[in-house]
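Starting off with a structure, shown below.
Chain lettering (A, B, C and D) follows the sequence in which the chains are written, and residue indices restart at 1 in each chain.
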Amino acid sequence: MAFKETRKSYQKEEFNDFGLGGKATSGHYRVLNKDGSFNIRKENVPLFEKFNFFHSLVSMSWTKFLVVVLSTYFCVNLLFASLYMLVGIEHLTGIRGSTATHQFMEAFFFSAQTITTLGYGQVAPTGLVTNIVAATESMLGLLGFALATGLVYGRFSKPSAHLKYSENAIIAPYKNINGFMFRVVNPRGNQLLEVEANVSLSVLRENSAMRDYYSLELERSKVVFLPASWTLVHPITDESPFKNLTAEELMRRDMEVIVVIKAFDESFSQSVYSRSSYKFDELQWGRKFKYLISHDNGRLSIDISGINETEEAALND
Amino acid sequence: MAFKETRKSYQKEEFNDFGLGGKATSGHYRVLNKDGSFNIRKENVPLFEKFNFFHSLVSMSWTKFLVVVLSTYFCVNLLFASLYMLVGIEHLTGIRGSTATHQFMEAFFFSAQTITTLGYGQVAPTGLVTNIVAATESMLGLLGFALATGLVYGRFSKPSAHLKYSENAIIAPYKNINGFMFRVVNPRGNQLLEVEANVSLSVLRENSAMRDYYSLELERSKVVFLPASWTLVHPITDESPFKNLTAEELMRRDMEVIVVIKAFDESFSQSVYSRSSYKFDELQWGRKFKYLISHDNGRLSIDISGINETEEAALND
Amino acid sequence: MAFKETRKSYQKEEFNDFGLGGKATSGHYRVLNKDGSFNIRKENVPLFEKFNFFHSLVSMSWTKFLVVVLSTYFCVNLLFASLYMLVGIEHLTGIRGSTATHQFMEAFFFSAQTITTLGYGQVAPTGLVTNIVAATESMLGLLGFALATGLVYGRFSKPSAHLKYSENAIIAPYKNINGFMFRVVNPRGNQLLEVEANVSLSVLRENSAMRDYYSLELERSKVVFLPASWTLVHPITDESPFKNLTAEELMRRDMEVIVVIKAFDESFSQSVYSRSSYKFDELQWGRKFKYLISHDNGRLSIDISGINETEEAALND
Amino acid sequence: MAFKETRKSYQKEEFNDFGLGGKATSGHYRVLNKDGSFNIRKENVPLFEKFNFFHSLVSMSWTKFLVVVLSTYFCVNLLFASLYMLVGIEHLTGIRGSTATHQFMEAFFFSAQTITTLGYGQVAPTGLVTNIVAATESMLGLLGFALATGLVYGRFSKPSAHLKYSENAIIAPYKNINGFMFRVVNPRGNQLLEVEANVSLSVLRENSAMRDYYSLELERSKVVFLPASWTLVHPITDESPFKNLTAEELMRRDMEVIVVIKAFDESFSQSVYSRSSYKFDELQWGRKFKYLISHDNGRLSIDISGINETEEAALND
């Protein structure tokens, strides 16, 4: 067909590769999931690599994180309560319970008061071993708390670009030709700077299971700021890999458009990346995006909720 | 008029766009407020995006932050005091009050002593449920404190370039032509490195409500350091979009000059951005900046307070 | 032999130098150890530079770190216990021991309760000096804990690229010529972006003890992502420094291939570097890497454990 | 004289400017102090900018920092002790002193036990107002501690390149011409990557008080690593501004060579800058640096302490 073979396999400057290659992603396949994660699973990963303590605890949801913290707290107190029982409950002054259950309960709460460095003092340790256990426990409590502080800060300061992508990409009239378009907004209050997009087309090779990757030239691939919405436009010129391709053909060749957007997040003063992709069934033909910005008295408003709204538009030939 | 149309709308290399475009900012409009924030409002933002917990608490003023922290502390203690009352005040030893009000007050302060892990022990929990509540409260207190630590550090370590801009830009003689100039100082003690400026002119198109953006070439757009003041100069050559434009015309065409300065902040070892803008009524003609630097015995002094001082200067033709 | 002398010693653009030079690394020598550390020792380093407190405590193993923290805790408590004894044990209320040993022990645990801000209150200070010591100790405890928190966070947030390199490099057929190849995987769950490799060949000069460094051109030196494995290929073209060299000659000339990989770690939003090297005895001839990726139903799997697996492959002439 | 006027004052690409300019630094003047700080004083800086809380506390010496922390602790306790006295010392149970001095002392130590959340409980608050003060104090204690934690971490994680420069620069023979040279070592254990130098010559203009700045071309301006020492060489070719200049002339024209080195610090994963300068009296003619590296059995050693050692070397004409 009319695909221009812009993929050069032996060239140093090329950057637009996903570490997968045409053979690995052969057949019908989605490279990037809608949320930007990779559609690939790693097997036989060594356990200590897989379970990276900090990374796991920083990435999990807040609910899960709280459950982990509170159950660790519970278990550690169980452990120390057992230790106090083992050493001899008589070395804790102020214990009133006479049954083992009651005494264990009191040892448990004494442990809680010790590990949080609360120390009411109603119950207090006497004797060498019990004192050693209590002194160690309060120290470990402080270290555990140092850990929790680091984790909480790590969770908060983890930068991420929460760009919102239009659900569908469109083929819309653009100047006297047509263009492949989608748009993004930054719904957050933070400012993104030096926003830069890298868009690629992945299709199966004609009469083959191999997959080819094409870089898509954008009308504008960088903007200084992203205060409102940004419509990314790939003009379908004669050089475009989209040229002469129909919706049916894109489906048959299992089209996927892969988007990577890089930006500088001013709040965190760090670079952030956002990824997404469009499959053939997320591409609408002969539509254009509705305008999101309204004016009133020298101030602009942008309606974030309208990002997916399109209207019919006759395509150019 | 004599505007050279340097704006190329279909060109990959162009970087000088603000994600707004000529149509969005049509009519009389200020793109950037004086403090560098955007003159645009986002509507229909999903609640969970709008209220980003960490971002809000890190960005608000210190006064507001203290109010939030202290009122949270107050409310949480109210809640836990109610819990202790609900479970039964008789499970707290050392309570002396006989009326409900007094008892609630004592429960409130017991809660405060527990959540801060102060634990005087005058009042102390007995019984299973009260002990569980107290142990949970002290744990939550530690987590809340971990949060506060993270927030306080986040507030401090948030880098920002506190550049001070001259209130007005000027049109001053420059070599045998004229120049558009403004100047900046870094009033802080921290050192800014690799300081880089990007200056754009925004005017309404002749006989149109559409707005055009022009990049302004600077005599020097980067400096290695910014130890003193930096006067940014756009020479009004024959290629300049300012060429042949009068003050009246700039007003009529709603001129705005948009400034973005990027630097590396040595204290925080991070990139920082500063933004500002000049409208037509903040532009003075036929003035030049007074010299800020004085010498004494091999040491320079710069008088920061004189940044706005100008004197008359005859313009070249 | 057929070495093309691409090393230009007087050229500004050159980046591929290791701050060592041909004379320093003369003779049989390994520049980089397998783990990426340099095979060089610094002597007569000033003590305060050598023992960088934060750097040391952040870099040591967790076991060592815990030992340091706990023994510091122990020693500081010994010190303060001595102070309380010195001032007079009678200024601590609640001491029950009658022998000096018992009293010291009680002073020791009182110190532990004070420095962790536990404060049971069974033992408490009276008198001016003892109170001053206790107030100072609790303050120092808080500062020490601030330190520990910073260290724990510093340890966690220290980014590092844990790339896994194939144990051996290979000479494999590549197109109609041969190639020098090795591969890497990222066994972790974090995503690496903009991965960039810099590969150099170091050999002894013909009939000399001097060492020459050659930059090796890669088929692809950058990939946008590294979701799976990445095979780095240096095609042995006529311009390659490998051209016409046999395994025997590479051994005689003490070959070392030095690899530096730079990437952006999305979890930490920071740049990370990974280094490794291959000596002549870690180079296999006439092998090719086995394929690691398997397909099932539109989802890829990569078997990390197979990274070293190769099979025979006839080389091209 | 033979100075080639490479300084172009009207050119966009130029980067090698220090925000000072030839007029500001006219006369005999040192731009950069030996430690890399600027020889310039800022006057009339607004107080709130000058006294940047976080920046000051993070930059001061550890001794000063400890003094600030401990005296703040002392003053805050004085304040709260006064408050407890004001409200009525009778609302603190456990006070034994009968004189006002004794009572104030006890209130002071109660305050210390409260603000550190130590809470022995020997002394404890009763009554509404005293309880409110104590609850507020413990809360403020936690916030203050959050602050201290942030500051301690900020102090540690502040990256800095502790490069050690040779005390003198030298003019040494280089190939068949001569070169201006100096060298640096990184005495620390951390690894610096992508080390990049920018060296400039500043001299007074012939028969003028104005100062000119010249960029000095280096034999190699970047190295991938800095494992050992790095000798920076500016070859004195016919194009060099040093060409035909004698030691006497450099003194008369108040020579200063300004050095800026940028690197990536692997420990902190951040960019760091180092600055220094050489005046005419820190330049030695006809010397060369002694070799710092020694070999033993395939391992290199570098003797950091020998960085300043030179030996005589006859210059080329």
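Convention: a contact is a pair of C-beta atoms (placed from the backbone, for glycine too) under 8 Å apart; a residue touches a chain by one contact, two chains touch by 3 or more.
Note that the structure is predicted; figures quoted are calculated from it, not measured.
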Count of contact steps on the shortest path from chain B to chain D: 1
Proportion of interface numbers common to chain C and chain D (over half same, under half different): different
Distance-maximising chain from chain D - centres being C-alpha averages: A
Listed chain pair B-C, A-D or A-B that repeats interface B-D [over half of contact pairs the same by residue number]: A-B
Copies chain A and chain C - rotation angle from C-alpha fit, nearest 5 degrees: 90
Inter-chain centre distance, chain C versus chain D - centres from mean C-alpha coordinates, in Å: 26
Between chain A and chain D, centroid-to-centroid distance (C-alpha), Å: 37
Overlap residues in chain C, where contacts from two or more other chains coincide: 117-121, 145, 149, 151, 153, 270
Parts of chain B lying in touch with chain D, wherever the complex brings them together: 69-70, 73, 77, 96, 105, 109, 112-113, 116-122, 145, 148-149, 151-153, 156-157, 162, 175, 187-191, 193, 195, 217-230, 235, 264, 266-267, 269-270, 293, 295, 298-306
Contact set on chain A toward chain D in their complex: 117, 119-121, 149
For the chain B and chain A complex, residues of the former touching the latter: 9-12, 14-20, 24-30, 38-46, 49-50, 52-56, 58-59, 93, 114, 117-121, 124-126, 128, 131, 134-135, 138-139, 141-143, 145-147, 149-151, 153-154, 158-159, 198, 260, 268, 270-273
